[in-house]
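In the part that follows, the structures are each spelled out as structure tokens.
Common to both upcoming complexes is chain A, partnered first by chain B, then by chain C.
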Partner chain A sequence: MNVTRPNRRRIDDIIGWSTAAVVVLGLVFLLLPLLVTSVMAFDERSFLGPMPPPGFSLHWFVRFFSQTYFLVGLRTSLLVAIVACSISLAAGAAAALFLDRTQFWGRGVVLATFLSPLVVPPVVIGFSLLLFLAQIGVTWGLGRLVVGHVIITLPYAIRTALASLAGIDRRLEEAALNLGATEARVLWTVTLPLIRTGLISGAIFAFAVSLDDVAVSSFLTDPTTYTLPVALVSSMRATFDLTIAAASVLLIGVTVVLMFILDKAVGFDRLIGRGMFGR
Partner chain B sequence: MRTTRIWLLLILPSSLILLGGFLLPMLGLGEESFRLFTPGRVGAVAGAPLTLNNYLELATSGFLDFVVETLRISLIATLIGLLIGFPMAWWIARRLPRAGRAIAIGFLIAMVLLSVLVRTYALELTFGSVGLLRGVLRALDIAPNGRGYIECLVAAGLLHSVLPVTALTLLGTVQNLDHRLTDAAQSLGAPAWRAHLSVTVPLCMPGLLAAFLISFTFSISAFVIPMVLGKGRVLFLSNLIYTRFSEIADYPSGAAISVVMLAIALFFVVVVSNIAARQGRKA
Partner chain C sequence: MTDTVELTDVSKHYGPLVAVNRLSFTVSPGETIALLGPSGCGKTTTLRLIAGFETPDTGTLRLAGEDVARKRPYERSIGLLFQHYALFPHMSVADNIAYGLRHRGFPRQDIPRLVAEMLALVKLSDKAAQRPGQMSGGQQQRVALARALATQPKVVLLDEPLSALDAKLRQELRVELKQVLASVRATTIVVTHDQEEAMSLAERIIVMNHGAIAQQGTPDEIYSRPNSRFVAEFMGRSNWFAGRISGQSGAGGLTFATASGITLRIPAPAQPHPAEVDVCIRPERIDLAWGTEAAEAAAVAPNINQVAGRVAGAALLGADRQFLVELVGGDRIVASLPNRLRSVPAEGEPVSVCFAAEDCIVVPSGV
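Our next item is the complex of A and B:
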């Protein structure tokens, strides 16, 4: 290197500053649209005008809640999310327990198969389900949606449960067994409480995935049974007004609530870990 | 013997769900893609003759353009995501104090959980025809409904989804990096940028590849983002499948596109995982 020392220092400075600039730019890109939407949702004008709004009012929120089209979708979304996530969590935790405690030939293949819905494009999952359910004669809208949502949430449930099972201290279970507890009792009073945080974070991620899905649900709705995201997308394409901004603020609120639960139950630091060389 | 049966009972529910809700439907989809479609009907008739037409039609029509467009825009969004996400992860892991770190991680997780509808709507509102850039666009004579700008918007939509995931994935990698190695390079006389380029980046390669794979497979299967932000001018493969289903009810053709799309997604998963495995062996 022929670069002299002060010169080299300057290159380092430039690189350092441009790195900081890139980080700030990324943060602005992530936050700015959300900020604009949150402000515009309170716009008092009755039409979509340019930023900034001349005054503030809640009338877009009133409009959102006065449209039965959205309310029906919201009810279906919550129902489907709760039912599908409960099924996924129960089935997923059981499967994870099996995969954690048994050794057999082809275990890797079984695990990969269970996680494979994650790599299949959701549209393909929705479309294949539509064809299959029509073939076997399932036309019940709610049932079809629940099946679709179980498929997309099950891998998350299995993965988080497996990760937390791998982290527990097996000696605690052995101690309980030695003291005379039955296997079922150990499962309920030792194992499940130990993986509680993993199950909660799995539940939150599964719930968010279910509540957000459009690609799978679009194929499985019928005229009276549709989810809120499907309703929002179709109204977004028809008329681009600020009712959706109000809905977006509500959905941001849902995310904040989920984050709050996640932080209280698990803690952000523990989700990522501090790393081998962490401070 | 009895315990084995109980253990098997544990995996039974998930297996049944996966079989009936995923594996059988996928097989059915493959079969449908080889059925002859009669225009005007909804899907193929039961027992319709087998044909390769649905695939041949894709090879001849402008289908390839849609494949290229999907891959191109996805690749751009993924690479920009890595270029911003990597410094972001490094900065959070190495520069922020503990309290700030927890807040930053919480923020990124919130951005992962954020609804894709909120993202697309917010981006359209902020950068679309009535957005903040209205004046800038007019001054530069860029039509907000022109094709080039719409492509940028779709890429921005993908980037908004991919960036927090990339940063979080790389955060794990950067944290497990022994920063003493970079320090050693610097104390031996390498300038910081060189130390990072020749020590930090190669050591983070497995994480970079993982982040690339996650972002890219997410992007090529995106549905809402190109549908809303693309305004019908930019169509991804997902949107094409949905159009075959909702507008002309040509299920066999939609199934053929699905099979092709699945093959593309799996191709990238296999290729990138292989590269990652080779990297791992070298390290």
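Our next item is the complex of A and C:
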């Protein structure tokens, strides 16, 4: 046995080093483009030049905030995100409670349907929704956007709510029933407080998804109601300049702040590891 | 006076599994009983039926004369101490105890006083503002007990009350638990798989097996006069001889021939019995005689069984010393002597195993 040991150790070493290499490579590909964008957003030149910029200035940000086209988009984005996330949070919590508490034939199908926006291409969702809403006569832009964003954020709300429900001890609810609380009061005084962090993290995740969406939103906008990412994409077609980089830095900033809040509130491992993919 | 708890022919199935099978028993006011049995015997299901978390398939369940089989848990006046306490982690100790008082409609202005009384009862008055997560297991157990007793329920159910604690703490808290229960004079049902817990807490023990009652009686009756091999083995360490009854001995006793060729004197069983029986002797009822004592022991009273053997192993367990003795017929038995004796037989030394005929437990063979 001793003879083979050095060989086996070398294989282990190789596996160890290659995993580390994959991690580093992944980080580079994830972070480098963001880094380039962030640097270029502060470029002092008035045109799109090669890296690195000769000097730094905030003039692209000034340009962004001076264009009402972008500001209208930003306002719509925030409004849609807040409304859609509130609806997703409430609906997601209710659906998760029902799915967690009942066993019925087809439960898996119902759950898969709720989570399907995670796998169905957003273009398909956007186009189908546009077609459907046109058929039933909904032409109100803001309403269409809210409906679309509820659909794409609901899976995140349900997933995190289900994960937190799975994590609570059912005996706590039995204890509350035993102490004289009705089912509704158990929900209010025990269940909801215990899954609160899960609900908050789901809502923040949903908010980030809603804020960043382009594919679904681009089908549902109308000439006066459009979200910021949609505005960025269409302005990029017209004039490709670094205003978009400045807007991207703003979006990255919002996301970083949200993630920071999340990490402080619930811990990142719990959110990514269990909340999103685990159960 | 009506019984506080009355189960009649209660059954509960989970699919093909019969968890509780036509179970009937009563608990009188103020009495403490134990439901004792191995896991899967139906004792936990019985507790959940009484608490209202499960509904019986058949049978009636009365609390103080009222049929509650279809009532919700919050419609029954029952205090429950959960095995792992189930304290609300997001509430302070005081809020945990007040929870039942608030939801059972106690006057708002009385609640702080009642909470303070319960905290004093379990000696945790200084911990009111703490969260359960900051407390030790023993303290959590006392908070859970205070929470269960705060609403002065008609019946208190204790689910494995001490099993989550380590052995040393368990003994302390057992005494404390008994005092607290006695001071509130609650009708109590203890559900446990630990026969020591059952014997020390309960006035009456119901031993359960396969969803039904195997035997019920006082701790003494159950321990000293088990009606089956299952109960005898469950209640404590035991040495078994298989064989058949071979005849009468003096003074109303019988003689018993073991399969290994030893003849023992045994008491006559109270019930009619088959010829094939199992005979059991508890380790602590056995005396060992060795050296010159062995010769003296040979002359003792006729109701003492005496079998020659040899010490095959010995172990000191602190308060007791255990000896593994190989008898002449090849049977091996365990004898337990108090660790008080100045000299003990050495390993390999011939000994004489002595036990009184009346200490032998006789049960039908194979049951």
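As a working rule, the second predicted complex is superposed on the first by the 248 of 279 C-alpha atoms of A that agree within 3 Å, B and C clash if a C-alpha of one lies under 4 Å from a C-alpha of the other, contacts with A are read in each partner's own complex, and residues count from 1 in each chain.
Note that in this section a contact is a pair of C-beta atoms (placed from the backbone, for glycine too) under 8 Å apart; a residue touches a chain by one contact, two chains touch by 3 or more.
Please read all numbers here as calculations on a predicted model, not as lab measurements.
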Q. If chain A is used to align the two complexes, do chain B and chain C fit next to each other or clash?
A. fit
Q: Check the residue A:169 against both partner chains and state whether it touches chain B (first), chain C (second), both, or neither.
A: second
Q) Touching A:182, do we find chain B (first), chain C (second), both, or neither? A) second
Q) Anyone got the angle at chain A's C-alpha centre between chain B and chain C, nearest 10 degrees? A) 100
Q: Considering only the touch criterion stated at the top, classify A:68 as touching first (chain B), second (chain C), both, or neither.
A: neither
Q) For A:224, is the partner it touches chain B (first), chain C (second), both, or none of the two (neither)? A) neither
Q. Taking the superposition as given, does A:190 touch the first partner, chain B, the second, chain C, both, or neither?
A. second
Q.
Under the stated touch criterion, which partner chain does A:132 make contact with: chain B (first), chain C (second), both, or neither?
A. first
**Q.** CA minimum distance (chain B, chain C), superposed complexes, angstrom
**A.** 11
Q.
So in the complex, the part of chain A that touches chain C is made up of which residues?
A. 169, 171-172, 174-182, 185, 189-190, 193-194
Q | chain B-touching residues of chain A, taken from the complex the two chains share | A | 1, 3, 8, 11-12, 15-16, 19-20, 22-23, 25-27, 29-30, 32-34, 36-37, 40, 48-51, 87, 90-92, 94-95, 97-99, 101-102, 113-114, 116-117, 119-125, 127-135, 147-148, 150-151, 154, 158, 183, 204-205, 208, 211-212, 214-215, 218-219, 229, 232-233, 236-237, 240, 244-245, 247-248, 251-252, 254-256, 258-259, 262-263, 268-269, 271-279
Q: Flag every residue of chain C that touches chain A in the complex, lowest number first.
A: 51-53, 72-74, 78-80, 82, 84, 86-90, 99-100, 103-105, 147, 151
Q) For chain B, which residues count as touching chain A in their complex? A) 3, 7-8, 10-11, 13-15, 17-18, 20-26, 28-29, 32, 43, 83-85, 87-88, 90-91, 93, 98, 101-102, 105-106, 109-111, 113-127, 130-132, 134, 156, 159-160, 163-164, 167-168, 171-172, 174-180, 189, 191-194, 217, 220-221, 223-224, 227-228, 237-238, 241-242, 245, 251, 254-255, 258, 261-262, 265-266, 269
